[in-house]
Amino acid sequence: MRIHRMTRAMALGLVLVVALSACGKSKSSSSAAAKKTTITIGSEKFSESVIMAEVYAGALEAKGYTVNRKLRLGTREVYEPAAEQGTIDVFPDYAATLLEFVNKAAGEATGDPAATLAKLRTRLEPKGLTALDAAPALDANAFAVTKATADKYHLTKMSDLAAVAGQLKLGAPAECAQRPYCGVGLKNTYGITFKEIVPLGFDSPEVKEALKNGNVDVAEVGTTDGTLDSLGFVVLQDDKHLQPADVLTPIIRTKALTDDIKATLNKVSAAMTTSELAALDKRADVDKEDPETVAHSWLTSKGFVKK
Amino acid sequence: MHFLSQVAHWFTTSAHWHGTDGIPHRVLEHVEISVLVMAVAVVVALPIGVVMGHVGRGGLLAVNVSNIGRAVPSFAVLIVALQVTHHIGAVPAFIALFFLAVPPMVTNAYTGVREVDPELREASTAMGMTGAQTLLRVELPVALPLIMAGVRTSAVNVVATATLAAIVAFGGLGRYILEGIANRDNVEVFSGALLVAVLSLGTELGLALVQRWITPNGLKPRDSVKNEPIAGAADALRPAPTPP
Amino acid sequence: MSGAVLATGPNSWVWWPWVTSHGALIWSATREHIELTLIALAVGLLLSFPLALAARRWRWLFAPILGVTGALYTVPSLAAIGLLLPLTGLTRLTAEIMLVSYTLLILVRNLMTGFDGVPDDIKEAARGMGFSPTRQLLRIELPLAVPSIIAGLRIAAVTTIGLVTITALIGLGGLGRLMYDGYLRNFHTPLVVGATLSVVIAVAADLGLVGLQRVATPWARARRDA
C-alpha cells in the first residue's frame, strides 16, 4: 500500500518537473506580428547598465521592434567581443572608458565629450561597431572619502589630497597604477601618490565596504552611484579635470543600424541627464526597485512609452 | 600548444613571483587561512562530536548536520558574512570556512565513537574503567580512522572554498581565477586554476598519508562494501569532499 | 544602514513585498537551477556506466579509476571553470561540463563499488544456474548495485545543487543569480531567498532519493523489518 502511494507521488512529481520545464520552452517568439527586425540588447551586471539597456529596449519596443534582452552578461571584456561577433547588437557604454578599452589604454580620451566621441567612432569603425549620439548624462570616475576623513584632512577637491595621499590607502581596480586616469594621471596631474593601492575593483560592494570600515581611506567610484549619499561618502571634486568625458553612449553593430533605430535611440539619449540617471540609479540600488521597472517608469514619464 | 606555452610563460615571469599578487604570497594567504580555520574548527567540532558519540545523545542531529551543511551554498554564506559583518577579506572568509569545516568533523567524530563495538565498551567497564577512561583509552583510538577521515574531508573542503573567498576580496589563489575571468585573461585563469588544483590535491594526498599513518593496522578501513546493504554507511569511511 | 537585524523595508533580511512581487523571477531562477542539476545528474549517470563496466571487466582498472576520480574531485569548482574557460568560453556548455564532471566523479565510484559489493557466492550461484554474463549483470548485479547508485545520486544531487550557484560567476547560476544580485546591490532579500531555496531543493532531493532507495530495494526493507 505504502509503496504504491509513494511510487505514484514520485511519478507525479517527476511528471510535474518535466512538464514545467517543457512549459518554459514552449514560449515562442511572436514572429508572426514582427514587421521590423529583432534587436538583441546586452548589458553589464550593475544597475546603471541594466537600466540604460532597458531604456533602449523599451524605446525600441514602443516603435514596434522585437527586442531580445541579454542583460547582466558580464564585463566589457565579455560583451564587446560578443557585439563584434554579432551575438548582441546594442549595448550601453561610456564614451571615454570604451575608447580606452579599444585603444588599449592609450590615453586618447579627453574631458571634451564631442572630441572623445569622434575619436571613439574612428576606433570602433574597423570593429564593425558604431557609437550613436551620447546622452548629456555623465558617469565619471571619481574618488570618494568618508565624511570623517574629509573633515579630518579638510578635503573637498582632488588637489587637497596631494599633501596627505602618502598616508592614505586607495581602493581601486587592480590595474589602477598603470592607468592614465587613475594612478598615472593622479601622479602627473595632482601629484598624488597613495601609500598603497588595494585591488578592490571599481565602485564595487567590496571597495565601498572597505571605505566604510576603514580598510581603505579613498575609493574609486562612479559619480552617479546612488548609494554614496546614504553611505556618508564625500566625492572629491575633479578640480584639474583629469577625468575624461564618460558620457552614456549606445553602441550598435554597424550592420544592425538603420536610420529609424538611430533616430529612436538618439531621441532617448537626448532626454537622459546626469541628475536623472543618478536618481534612477538610486531607486535601483538604494530603494531596491528592479532596474527594469525603474527604466520603464522613466520611459513612461518622458512619453517614449504609453503607460 | 600555443596556449600552454603562454601558461608556461606566465609561470616563468619573474613578476608573478614577487609582491602581494605574487604566487608565494597568494599561496601563503591561502594556506594560512585554511590552517587557521582548521585549527579552530577541530578544537570546536571534535570534542562536541566525540562527547555526543560517547553519551549516545543527539545522534540524529550529528548525523544530519553534515548533510545540511553540504546543502548550504558557500557562495551565499560568504556574501551573507560580508553583509552582516561589513568586513571584507579574511573576516567573512573565516566565518564561511568555519561553518563549512565543522559539520563533517562533528558527524564523523560522532559516528566513529558511536560505532565502537559495544563489547569493547562492556569489557572496559568490566575492567573497572570510568567513562572518561573508556572514552580516552578505548573509544578514541578505535574511532580515530573515522575522525581523521572527517578532518581530511573538512580540510579539503576548506582549501577548496578558500578559492571562492576571492569574491569577498580575500586574497589566496582564487584571486587569479576571478581577476582572470573579469579581464578575460584565460592564461591567468588557467594558471590560477592549476595552482589551486595542485594545492587541493596535495592537501588530500598529504592528509590521506597522515590518516594511513595514524591508523592502527588492525583498523584500516575495508576497501569493498561487500557486506553493507546500504553503501551510505561506507561513505563515512571514504567521505566525499564537497567542492564549493 | 543595512545589516540591522530588525530593519524593516528593503534593507531587512527578508523584505516580504519583494518576494511576493517577484514570484516569476524566483520561479525561473529555481527552474534553471533544477534543469542544470537534472541534466548534470542524468549525463553523469549515463557516462559513469561505461567506466564502471570497464572496471568490472578489467579488474586492474578499479584502483586507478578510484584514485583518479578521488583526486579530481578535490579540485574546486571555480578552478574547474578556470581550466575549462580557454576551451569552451563563457558559455552554458562550460557550466554543464563542470557540473557533469563532478557528478561523474561521484557516480562512477559508487557504481563501481556497487558492482564490487555483490557477494561472490551470489555471482557463483548465478553462473551455476546458467545465467549468461549479460543476464547476470542486468538481473543480479545491477539491482544489487542500486543502493550504492542511489547513495551516490544523493551526494551528487546535493553537491550539484550547491555548485550551480557558482555558475552565477559566469553568467548563469539558477538561484545563484538572485544571490549575485543581492551581493551587487547590497540587497539582503534575494540573497536570503536564493540561499534558502537552494537548501530547500537540496534537502527535498535528498529526501526524495532516500524514498526512491526504499522503493527500489524491497529486500532491504524485509531485512530492516526482520
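For clarity, chains are labelled A, B and C in written order, and residue numbers in each chain start from 1.
The rule we apply is simple: contacts are C-beta pairs under 8 Å (C-beta built on N, C-alpha and C of every residue); 3 or more make two chains touch, one makes a residue touch a chain.
This one's a predicted model, so the numbers in the text were calculated from it and none came from an experiment.
**Student:** Look at all chain centres (mean of CA atoms) and spot the one farthest from the centre of chain A.
**Tutor:** If we average the C-alpha coordinates per chain, B ends up farthest from chain A.
**Student:** Specify the chain pair with the maximum number of C-beta contact pairs.
**Tutor:** More C-beta pairs are in contact between B-C than between any other chains.
**Student:** Rounded to a whole Å, what is the gap between the Cα centroids of chain A and chain C?
**Tutor:** For chain A versus chain C, the centre distance works out to 36 Å.
**Student:** Measuring from the mean C-alpha position of chain B to the mean C-alpha position of chain C, what distance in angstrom results?
**Tutor:** 19
**Student:** Could you state the distance in Å from the CA-based centre of chain A to that of chain B?
**Tutor:** Each chain's C-alpha centroid was found; their separation is 39 Å.
**Student:** Could you say which residues in chain A touch two or more other chains, in rising order?
**Tutor:** 78, 205
**Student:** Hunt down the residues of chain C that sit against at least two other chains at once, touch-wise.
**Tutor:** Each of 90, 170, 183, 186 in chain C touches at least two other chains.
**Student:** Please list all residues of chain B that touch 2 or more other chains.
**Tutor:** 82, 86
**Student:** Which residues of chain C touch chain B in the complex?
**Tutor:** 2-3, 70-71, 73-83, 85-86, 90, 102, 106, 110, 113-114, 116-119, 147-148, 151-152, 154-155, 158-159, 161-163, 165-166, 168-170, 176, 179, 182-183, 186, 188, 191-192, 194-195, 198-199, 202-203, 206, 213, 217, 220, 223
**Student:** Could you pull out which chain B residues touch chain A in their complex?
**Tutor:** Within the complex, chain B touches chain A at residues 21, 82, 86-89, 168-169, 179, 182-184.
**Student:** Within their complex, state which residues of chain B touch chain C.
**Tutor:** 3, 67-68, 70-77, 79-80, 82-84, 86, 156, 159-161, 163-164, 167, 174, 177-178, 180-181, 186-187, 189-190, 192-194, 196-197, 200-201, 203-205, 224-232, 234-235, 240-244
**Student:** Help me check something: in the complex, which residues belonging to chain A touch chain C?
**Tutor:** 3, 6-7, 10, 13, 17, 20-21, 24, 45-47, 72-74, 78, 205, 227, 230-231, 284-288, 290
**Student:** Flag every residue of chain C that touches chain A in the complex, lowest number first.
**Tutor:** Listed in rising order, the residues of chain C that touch chain A are 1, 10-11, 15, 18, 22, 28, 31, 34-35, 38, 90, 170-171, 177, 180, 183-187, 189, 208, 211-212, 214-215, 218.
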